[in-house]
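These are the structures in question, set out in turn.
Shared chain: chain A. Partners: chain B in the first complex, chain C in the second.
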Partner chain A sequence: MGYPNKSHPRETAVLSKHFGDPEARTLDGWKKRGGYRALEQALAMTPTDIVNVVKDSGLRGRGGAGFPTGLKWSFMKQDDGKPHYLCCNADESEPGTFKDREIMRWTPHSLIEGCAIGAYAIGAETAYIYVRGEFTEPIRCLNEALKECYAANILGSNAMGTGKTINIYVHSGAGAYICGEETALMNSLEGRRGNPRIKPPFPAVSGLFGMPTTINNVETLAAVPHILINGAEWYKAMSLSSPKSMGTKLFSVCGNIARPGNYEVVMGFPFKDFLYDLCGGPLAGRKFKGVIPGGCSVPIQTMDEAEATMMDYEGFVAQGTMLGSGGVIIFDDAQSIPRMTARHARFFAHESCAQCTQCREGTAWSTKILDRIVAGQGTFEDLDTLLEMADNMTGKTICVLSDSCATVVVSALQKYRHEFEALITGKRSSTVAVSSGAAA
Partner chain B sequence: MADNTVNLTIEGRAVSVPAGTSILEAAKTVGVLIPHYCYHSGLPVAGVCRMCLVEVEKSPKLAPACATTVGEGQVVHVYSAKALEARKGVLEFLLINHPLDCPICDQSGECELQDYTFQEGRADSRYREPKRFNPMEDFGGDVLYVQNRCILCTRCVRFMDDVHHAPVLNVTERGDRAFIGKAPDADLTQPWAANVVDLCPVGALVSKDFLNKARAWELDRTASVCTGCSQGCNITVEMRDNVVVRFKPRANEHVNHFYMCDEGRANYRWLNRPDRLEVPMADGRPVDWEVALAATAALLKGKKAHIVANASLSNEAMHLIKRIAGKTGGAVTYAVNTGIEAALPGATDLAVRADRAANATAAELFGFTRTSDVLSGLSAQHVLIIVDDALDGISADAVAKAGAVIVIATAMPTAVARANVVLPIANVVEEEGTLTNLRGRVQRFLQSKQAPGLARPSWFVLADLLQSLGEVAPHLTARAAFDALAKAEPAFAGMNYDTLALSGQTVPGALAGARA
Partner chain C sequence: MSAHTHAPYEPVFVGARKAELTQLLTRYPTKMAALLPALWMVQEDRRWISEEAMTEVAAQLDLTAAYVKGVVSFYTMYHQHPVGNHFIQVCTTSPCLCAGADKVVDAFLEHTGCKELGVTSADGRYTVIEVECLGACGFATPVQVNLDYIENVTADKVPQILAGLK
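Moving on to the complex of A and B:
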């Protein structure tokens, strides 16, 4: 459902079916809607069987990387004598993304159920839901739901009367974007500074507290109960294009568009229809100029590229970008791409954890140059410097924050170079609203 | 062991190292120094400076050599175009906010940022924006933090956390606003804290004591051993114009790893003291060495010697003292100042030892008497020979009990009102020799500076004295003095200068608790 808009007939509401329905937040309401049947079913299965079902379903990570979830779970060695942990990454801080927030706000039990199944499947007795600190309402919803679950013995040392132990804790972050990076999230959860860790070792070998850990996105885990209830084949069938992308995907739409909101469509849905039909197209009298389809870490698309895109992992890659988190940010002809780029870069400069040299210095330097260009003080050499710097920032650091900043800059420069050049030569195009950015 | 060995190629050289070794360490074994900042072999790997990026064939991304373990058959290129380009990028990033104040920076000349920039960096900067500016901060102890020069390698943070176990430093803030923060109400006054100055690869953490004293390239450096306590930390004595300006630790995995304590570090000023004994004297008048030695021999004729030895004298001097005592039928006493022992918790067997003397081990080995009252039993029948002991806590009256007083020293002890003979000797940085630490490790120290006036090395003077007493001791060099010692003392049997090299050798089984 395109909450807060009315559901569009072309949407496929699986995860978002109960968005906006306060009754679904309560345990009773959730059970009435079929809740916790999947967990009951799962606890009667072996962990390996669950992993296989998830593998068969083709579910892939919804946090951005799209790694096959079942495969990730299978990396956890059963019976290795170590405590295992499941981490749910609910640190949804990718600009333009707000799908997990709605899942946690309206259907907290769907996430709790998913976490419980996931924990059991990977041999973990403890799951942590690491929620972005600013999400006060979702945190409250989750905590209330957890309370109900413990009271009803759904969780605890005798989960659903099976004698199995599943404990789930909600942990509030402190608002750092970098804590959405899985190893930084673990550091943060351990009480350390949220710095990404060097990999290897990978979390499945040495993660939270040095123990084997699996980390999944909210949307990924929330999809798991549906897969168990309806079967892998049902999930697999929900695809319009690529054989590698299955199921439904929530897209958060924001920017210069008629009906921003969350939309759930099956993988492979045509992006053109999505933007013009579901989301209502541009605002009156305006024209779309470009779109960032997967949160601010993915390359910007021109409208030509966007309109040719099939909305799945491969489809976005084929059109010069990535599915990412599904945070669709759309710009119309009233927006200045250089300004947008400068703002994005400033975000990354602000959020860099400061470990790696390229990221710490590169994000800030890019911001300063972009701000200068926006202020009309740029030179053509600046554009070369930005591109060369972006090259130095790509693929050379511990995590990909640096790469993300470079991605935004490079794609904007490649696809909208004329806007930058117009600012440099002083021929400001009428569509470019110029204002000097605040000094970084 | 073959199973644990990994074979790879680094810069065309075949390398075999134990599994689990990093590429950076493996490269060192074949003489390839991969540039790095955050990596230090004594600290946990951080992998953050990204300076050690190298190209590994068949790997899509460049690998940080410090955090990448060797793999069988790997082919590593340190100086490929791709790797050089990446490191050039890192250097450019490190320098954009760096003040480039090399002309007034103490680190200049021994700065890895300078070195690698000259080696691999850009000739110019493309940075056109205002530089970040942060004020300096006094970190307490001997440490000054110059934030603008900091490259956030976090070596200092990791040293305080993981080696000193005193987590007072951290990285504060994020992005390019980040800096090294200090816990509130904490100072870097921990006994080993000043090591962060040595660990800092740039001029961000500098010594307040050394501040603006000298340029690195003006310094003369000599390998030596700290005489502050019985640990025997290996050091480099650094001098400018014949004046010692600082001590730096010299790595020795058997003794002090990479470190030295703050107390030892500060213990250099006395080496420059101006009130030195410079000429031999007899009956209060300057005389030639021959005259002074003959006068000494005459005083000792038929008399018992009571020798007070400084517990930091070299093995060679101690050995000759033992022989002089044997010849004159006297006793040798020594006193040891003691203090609080302070270990460096993250390093094996390293501490500021309670015995604040460098060579109590040898004194004990040679059978000298350790006592707080070094003049005990002294009478008019004795010729008192003071070998560089300051006679702390001893009154002039006690000294005056002696029949005659011979002072063989760097400076006149205040308790000595009148000396029959004065023989000036060199101090520890003015001569060479060996010391034995508390674990029985015999270590060489070399001569850094010239002795003042007519002062001579202690072993030279003592050997001459022994000769004037009719013994054979033609020690014209420190090596000869050591060889004679090694021949005479079973504990030192088989040792020679060459096998000692600069990291020393342990007295074989001579001491309980000696480390292999």
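Moving on to the complex of A and C:
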């Protein structure tokens, strides 16, 4: 079932099959749809066997980095005598991305089941689902589902009657994009400011509360039960282009497009068909101008690049950008790229945790300069300054927030430089409608 | 604000709330980890987090008040000052901005009488702010009123939305 649009025949609904169906939210409803069979199966396997199935499936992290999930799990030393933790990263805050919200509010049990399997596989008795504070509805849905699971002894000190302990708790954030960065997330969960930590040590060695920890995205964990039930080969076979990208991927689509929403397709799906066929193309009388395909931290694509893209980890890289979180933001010919770029920079400036100078100063000054250009008061020197600053903001900080801001600015300047220049010379491009200056 | 500071402080963590906090502590190996949830309880009961409340939370979790304030001030959702009965957050990050979120902000400022972002209306009913990405970009423009989301808000729907708020 699609949501909010009807499923398109070219979608492959695995994770999104029950979106929009309130009955799937309940334990009974979920069991009727095959729920908790995978957990039952998993608890009869050894943790190593589960890790191997996930490794063989080719599942890669859906939060943005695309790191192989089974490999990540294998970094957790079994039987080291330390408490292990699983953290589910449900801090979905990357502009353009709203897939995890739908997984949590329509199919909370799919995530709980994935968390329980993941926790068992990495030797953890406790899993925390860290949900951004604004997501009150998903939090409510998850808590209700957890209550059902504890009452039915699916979780707790005798999970599914196996004598194993699996506890899952929801932990609410309180408004900070940076807490989606895994080490900031752990700090936040420990009751600290959400400042990212220097790596190494990596979480698998010293993570939450100083103990071995694995952090996985919502969509990644929700895919695990399907892999266990249907097998690694089934998952691996879902691949249309690159042999390194398999399975289905949820793409959130927003911006200036006919049918915004979440769409689930097999990795390697042609982006052109996706935008024009599944999502209905541009709004009436408009033309697409550019697209940011993986949440606002990845480079913008021109339509020529986008239309040549195969939608998988390698396909997006081949066309000058990244798959990222799968948050597709599309701008049409009524939008000003400089104005949108200025707004992106403002987002990063607002969300910088301010630990690193390059980020704290770089994001703030990028915003000021871009706002000035959008207001028609920029100079050509400003463009050089922006690029120079971007260089100083890349690869020099604890986390990649600063790099993300730089990436967005540099790619916009490379691909839409004429729009910036038109604002500087006062000759506004006829295809650009610049409204009243910078976003407030 | 003076009314809040001069009235004797009544602790939050008594009775059921204290029991809830005690129960919560069993979920974590450290007391500090209960800080964000404890602050949420304060805000749920008091609608904002005063300095006295920070001191109380610090005492409950063996932290210093200064440490708690450092954490409170990091997160945007914790209010360090009273806000209007209806705290209205309009998402204006790029995916919503390109769909006209700026006009939604203007409509809220006009119809609530707030006029300015972050300034509570004279009748104490409304505070309007812009918020960074609410994670509901396909439903542009999402607006969060206190804890609830309203999706697909356009400027012309604003009067009707406000009329529906108690």
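Convention: the second predicted complex is superposed on the first by the 432 of 440 C-alpha atoms of A that agree within 3 Å, B and C clash if a C-alpha of one lies under 4 Å from a C-alpha of the other, contacts with A are read in each partner's own complex, and residues count from 1 in each chain.
Everything below uses one rule, namely that a residue touches a chain if its C-beta (ideal position, glycine included) is under 8 Å from a C-beta of that chain, and two chains touch if they have at least 3 such contacts.
The shown structure was predicted, so the numbers you read here are calculated from the model rather than taken from an experiment.
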item	value
First, second, both or neither for A:Ile198, with chain B first and chain C second	first
First, second, both or neither for A:Gly58, with chain B first and chain C second	neither
Winner by number of chain A residues touched, once chain B and chain C are compared	C
Touching partner for A:Gln358 - first (chain B), second (chain C), both, neither	first
Contacts of A:Ser93 with chain B and chain C, given as first, second, both or neither	second
Which of chain B and chain C A:Pro212 touches, first, second, both or neither	neither
First, second, both or neither for A:Ile369, with chain B first and chain C second	first
Partner chain(s) touched by A:Gly290 [first = chain B, second = chain C, both, neither]	neither
Partner chain in contact with A:Thr385 - chain B first, chain C second, else both or neither	first
Which superposed partner A:His350 touches (first chain B, second chain C, both, neither)	both
Residues of chain A that lie at the interface with chain B and also at the interface with chain C	176, 193, 350-351, 353
Chain A-touching residues of chain B, taken from the complex the two chains share	45-51, 53, 60-62, 64, 67, 85-86, 89-90, 92-94, 96-97, 126-129, 151-152, 170-171, 173-178
Chain B contact footprint on chain A (complex, rising order)	176, 178, 193, 198, 349-358, 360-365, 368-369, 372, 381-382, 385, 389, 391-392, 395-398
Complex contact set, residues of chain A against chain C	4, 83, 92-98, 100-101, 126, 132-137, 167, 169, 171-177, 188-194, 209, 252-256, 260-262, 296, 327, 329, 331, 335, 340, 343-344, 347, 350-351, 353, 435, 439-440
Touching residues on chain C, where the partner in the complex is chain A	27-30, 32-37, 39-40, 61, 63, 70-71, 74-78, 92-95, 97-99, 102, 105, 117, 130-140, 144, 147-149
